[in-house]
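After this come two complexes, each holding subunit A, first together with subunit B and then together with subunit C.
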Partner chain A sequence: MDRVSSEEGGTVNTVDTGSEALLVVDDLVKWFPLTRGIIFKKHIGDVKAVDGVSFRVKKGETHGLVGESGCGKSTTGRAILRLHEPTSGHVFFEGRDVIAMSKKEMRAVRRDMQIIFQDPYASLNPRMTVRDIITEPLVIHQIGDNKARKDKAKELLEVVGLNPEHANRYPHQFSGGQRQRIGVARALALDPKLIIADEPVSALDVSIQAQLVNLLMDIQQEYGIAFLFIAHDLAVVRHMASHVSVMYLGHIMETGTRDQIYGAPQHPYTQALLSAVPVADRVVERNRERIVLEGDLPSPAEPPSGCVFRTRCWKAEEICAVETPELKDMGGGQMVACHFPETRSVLTVSGASTA
Partner chain B sequence: MSDSGREGPESSAEEAYREEHRFVDEAVGSKMTAVLAGDFEVVEKEAGLFSDAWKQVRRRKLFWFSAVLIGIFTLMAIAPALFTLPSPATHDPRECSLRNPETGEFQDLLQPSSEHWFGTDIQGCDYYARVVHGARVSIIIGIGGTLLLSFIGLIAGGTSGFYGGWTDNVISRIVDVLYAFPFIIAAILFLNLVAAETGRNAWHVLLVIGVFGWPTLSRIFRGAVLQAKEKEYVEAARALGASNNRILFRHVFPNAIAPALVFAMIGVGGIIGAEAALSFLGVGLQLPAISWGLMIANSQDRIATDPFLIFFPGLFLSLTVLGFLLLGDVVRDALDPRNR
Partner chain C sequence: MEEVGSVTVADIPSHQQKVGEVLLEVEDLSVDFKTDAGVVKAVQSVSFTLHAGETLAIIGESGSGKSVTAQAIMGIVPSPPGVVNAHAIRFRGQNLADLTEKDRRKVRGQEIAMIFQDPLTSLNPVYSVGKQIGEMFRVHRGASRKEATEAAIELMEQVRIPEARLRVGDYPHQFSGGMRQRVMIAMALSLDPAVLIADEPTTALDVTVQAQIMELLGSLQEEHNMGLILITHDLGVVASVADTVQLMYAGGVVEKAGADDFYEAHAHPYAEGLMRSIPTLIGEDERLIPIEGAPPSLIRLPPGCPFNPRCPYVTDRCRTEKPLLRSIAGYAGLVACHNAEDVRSAKVGGGGGSGE
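Entry: the complex of A and B
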């Protein structure tokens, strides 16, 4: 169904994605070179942060990208926007390969793809007023005059639930949750079609997390924006995402709809992740079965051969070290990269459901 | 919505405010709204790091003390006549005669008196007038030299830090070489070369200070730029499609300038001292220029007999340097970023 026509030298690759897929990530790779030496640097290896990641995001839906710290999900998000230049691979946005674009073409596409950052304290310039921060995208892309921008800033502040009269204030006068809202307002300024939310709630209080997630869902419903929701909190992702990809050490382990992943996970890593989610019910928590992984996270500079998860997997056999499992469709669109996939319901019915 | 539990005439206004700013309430908590309810702020005043800093700075006594000091000496540099006017002696520091034209007596090395407030020097010049006129050179070289070295240092450090790569490599190695060279020796070498033909003036000294003084500032600024460059708001600006220029001037520069600014302000004091040192060593300004350093140099032999010859220029020099140091100190405290 998908045909890739690629040409070198400036022209954009295209792919027939079908009517719904807004973003198609195809075998994205980002390696960070390791060098030795001060003036004359010698290349001695690579940190393979993202090593062949593929998934799709449909228009208007939320795709969750989960995994533990250091698995490469943030790097994936940034690589899609070319904040890190990918080492190889394709990112098709509305059918056009973003990676192959020139800077000029990319600039136009940036209007449709935006990002919300994790740290509400570092992602806003402390020397700019809130209004300046929110209208900066309009200034960069030369949209509207001063008055129009002021109005837009006011409107955006209202959309995210902040007092428009505070537009003259500076970020340090707001709380963390409010600053994240400012970040959301900034991302909305250009009316994007896709927002990459890089752990947007990880740095917030739990009660504020809920508010922000609700805000994002309201915005999604109102404006039809697709989200790539990168997080390590599985409970939050379950609330918002319709599809989920599970990442480990730069590779996608499993992809599926929310119910498939949470209800019938087939990859051992997914199962281990889910079993680690604490359950609020004390009795259930004490009595349920926990999967505890052995060993430590391998270094992404020297990932294990074959399946990268094999060093911690209880099912590992010889074939796992020899042959890297590909993502295979196990039915209903659930893709698993494992030689021994097996459905195992890890979450109990009463526990781990988010209200 | 209607809060019948609260009494008092302001409750309805409070309610109206609450209703209107419900989002603030939700996000921040009713405590904040209660505080705000008593104060209906419609027009928000600006409050950036610099204006916040100014508010904090102007409250400190030390700031006003140093500002007054600097003000006095700057005024002295601009209009020395203002200060020599009240003195009964001559206003011209160069009008010197060994013999008093009226009485015919020798008037060299007179002690401070009501006639000559700071006494007279070996040529019979009124010392007070000389000391007052000496301020000009110090202030010009102090501020001018700082401006020059800041200009070079900011460009070098900024380019080096922001663009990185080979540019950074090359500039940093130049900085290392200049930095390793002791300032005084470099200044002496250079100034000696110049002296031979034309005679040195304040501009030569200013140039030397600017050219040899910038490495430290550039290193400080480069460090701050490197830090600011890695911040997420810079990444956010890139994600929005901002050009390199915009990022450099709008995001990196304002956030990296603080340590360099403080260093420069404190440095003015050091530069004034450096000029005095160079003149003292005989490689700075030469006679008939009037400089505190020169006056101190020429008074070395007479410390025992006429200590006032060193005391007054030394006092003025110290106070000027002190003023700038204190100001830099106060500004540094005020610009200290407060992470909330």
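Entry: the complex of A and C
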């Protein structure tokens, strides 16, 4: 199985033949109903957490899904796995629509789609040993006998850089970074084709975070697993992903290769987001141009008409309130949902050459 | 190789051009927490000086003692289990330890104010924000209810909360995270403090909001000529605003320098490790070089240098003798490392961070 070479992230032609797409998310919608009253729950509206999201992830590629809190990135990840049942839309995994599947079929597909959660403290059962946690997926899917599972646990602990001797320990005996490694080992247990990683390194200190980032990259290289990497940290995503989608208020604003998004962003929101990320360099910080967005994120229960970003956009005109911009191909696979797209490189700073 | 005692070191040439009045002097501060498992040495002999108009960034990862340092200055370390020991914590020359709790309370809030990471848990959900901001005036200045409300509106305008007059009666849950943090800043500034301590003020916020809040803090500091202590784990957030940087690890200060020197040159292996661990938005997308291992338990600190189990430059001396902050040739900062010269020359020779 060939992998997407990460060195060529920027130049690879991204026009999909369809056959190499592992995951195709098509117009995915997840609304959470708002109700009033206790007995007669009157439906008074919806929180439009995810409102028509489409993107695709190729085999062995890391696709970054970035955005600020409340943009719907985590809900998207969960809706793909049907941990939140989507309101509408399609999710094709290896060409088959996951949303239309029966429970039984779904269970089989879940072998190939795993998830890693943000909080390494809440996502591991404190009363199970590490071995039980890691081999639980094998038990559920009735794979191997006891001996084989034990060996597998040992092997996986080694893969994620933990001491296999510690398989009998409990989660509280591990640090945050080590627990996240346990989560990774569990996700790997069934040899999945896709791992949805929901802010997997956000809760960790930088020195530990770097260890996990490297581990995830090694695993991907080694096993050719595709990642949907959900994160708010654009710098981490730049390291991990070959393709990136930027979300805002339930919509995808821009999607493209890593170099397109970071080097030549065309959507005003992508530009604002990139310009706001702090960089640990005085020269860069002092000289860079910073786009400071006015106002607050609108409520996803009452999103603005037309383009959802228009209330904070310095380019907004009348048409933005009337017509929702569709994702348009701007060339090279870079898709932008904006009436006035324009390339603006916000990260190039004069005099900033050193790393 | 002149050794400098950690107590007397406070002034670093590069931030001396910013000569304001000395506001805060912390000398040899230590904080222990006595727990059933043992004594947690949260802070160990930390010293620094803060001038008016200066921004001091205290940087460190979880458990480094940066927040406890701030709590000790404020006098809000829970006791028991906390035990604060300091040679002196002086505000405008007055040792705070000599004050009665009543006088101390006057300093706290009026002279030294603090904002916290999580604005939602720091605000009272059942009172309107106007009432909470105004209460400062009612309690400390004896203002009437009407005066307090007017003052609250003025402060809300100052921290740029839009439509302050309309929103003064709103409750905390009706504000976004960024706006709540503005409310917290308004409360902290209400009595025009000389020193503002901001403990991870933007950590809970999104990057675009983070940028707004940092900008606000920066301009307010300039207006009021405050001494500002920014406590953070994020080297990026404070890069543009800090004048002085104090890097903490396992309860102690490992490096202290003017911000320009620190970001350009830093000489402690931990500082170097941190810088290399940060994924960057700019420049070559190199493989990250993490710091191996994990921070030590504060109950059982390793002998010698607390960083020695993770340090690539470790020598036998590091395992037995705890390094003190000292100055080294060719660097304007102070470093608590026996091998800082080697770290420096390795970096200069190896060429800016390129891996092998």
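The criterion applied here is as follows: the second predicted complex is superposed on the first by the 331 of 355 C-alpha atoms of A that agree within 3 Å, B and C clash if a C-alpha of one lies under 4 Å from a C-alpha of the other, contacts with A are read in each partner's own complex, and residues count from 1 in each chain.
Following the convention adopted for this analysis, a contact is a pair of C-beta atoms (placed from the backbone, for glycine too) under 8 Å apart; a residue touches a chain by one contact, two chains touch by 3 or more.
Keep in mind the model is a prediction, meaning the values are calculated, not measured.
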| item | value |
| --- | --- |
| Which of subunit B and subunit C A:H339 touches, first, second, both or neither | neither |
| Partner chain(s) touched by A:H251 [first = subunit B, second = subunit C, both, neither] | neither |
| Partner chain(s) touched by A:G177 [first = subunit B, second = subunit C, both, neither] | both |
| Contacts of A:H239 with subunit B and subunit C, given as first, second, both or neither | second |
| First, second, both or neither for A:V213, with subunit B first and subunit C second | second |
| First (subunit B), second (subunit C), both or neither touched by A:I140 | first |
| Subunit B versus subunit C as contact partner of A:K152, first or second or both or neither | neither |
| Touching partner for A:H63 - first (subunit B), second (subunit C), both, neither | neither |
| Touching partner for A:Y262 - first (subunit B), second (subunit C), both, neither | second |
| Doubly contacted residues of subunit A, that is, touched by subunit B and again by subunit C | 175, 177-178, 208, 211 |
| List of subunit A residues in touch with subunit B within their complex | 39, 78, 81, 83, 106-107, 110-111, 114-115, 117, 119, 121-129, 136-137, 140-141, 161-163, 165-170, 172-173, 175, 177-178, 181, 183, 186, 190, 208, 211 |
| Interfacial residue positions of subunit C with respect to subunit A in the complex | 61-62, 162, 176-179, 206-212, 215, 233-237, 239-240, 259-260, 263-264, 273-292, 294-295, 352-354 |
| Contacting residues of subunit B [partner subunit A, same complex] | 21, 23-24, 26-28, 41-42, 44-49, 169, 231-233, 235-243, 246, 250-251, 254-255, 337-340 |
| Residues of subunit A touching subunit C in the complex | 68-69, 175, 177-178, 205-211, 213-214, 217, 232-236, 238-239, 262, 272-282, 284-286, 290, 292-293, 295-297, 347, 349, 352-355 |
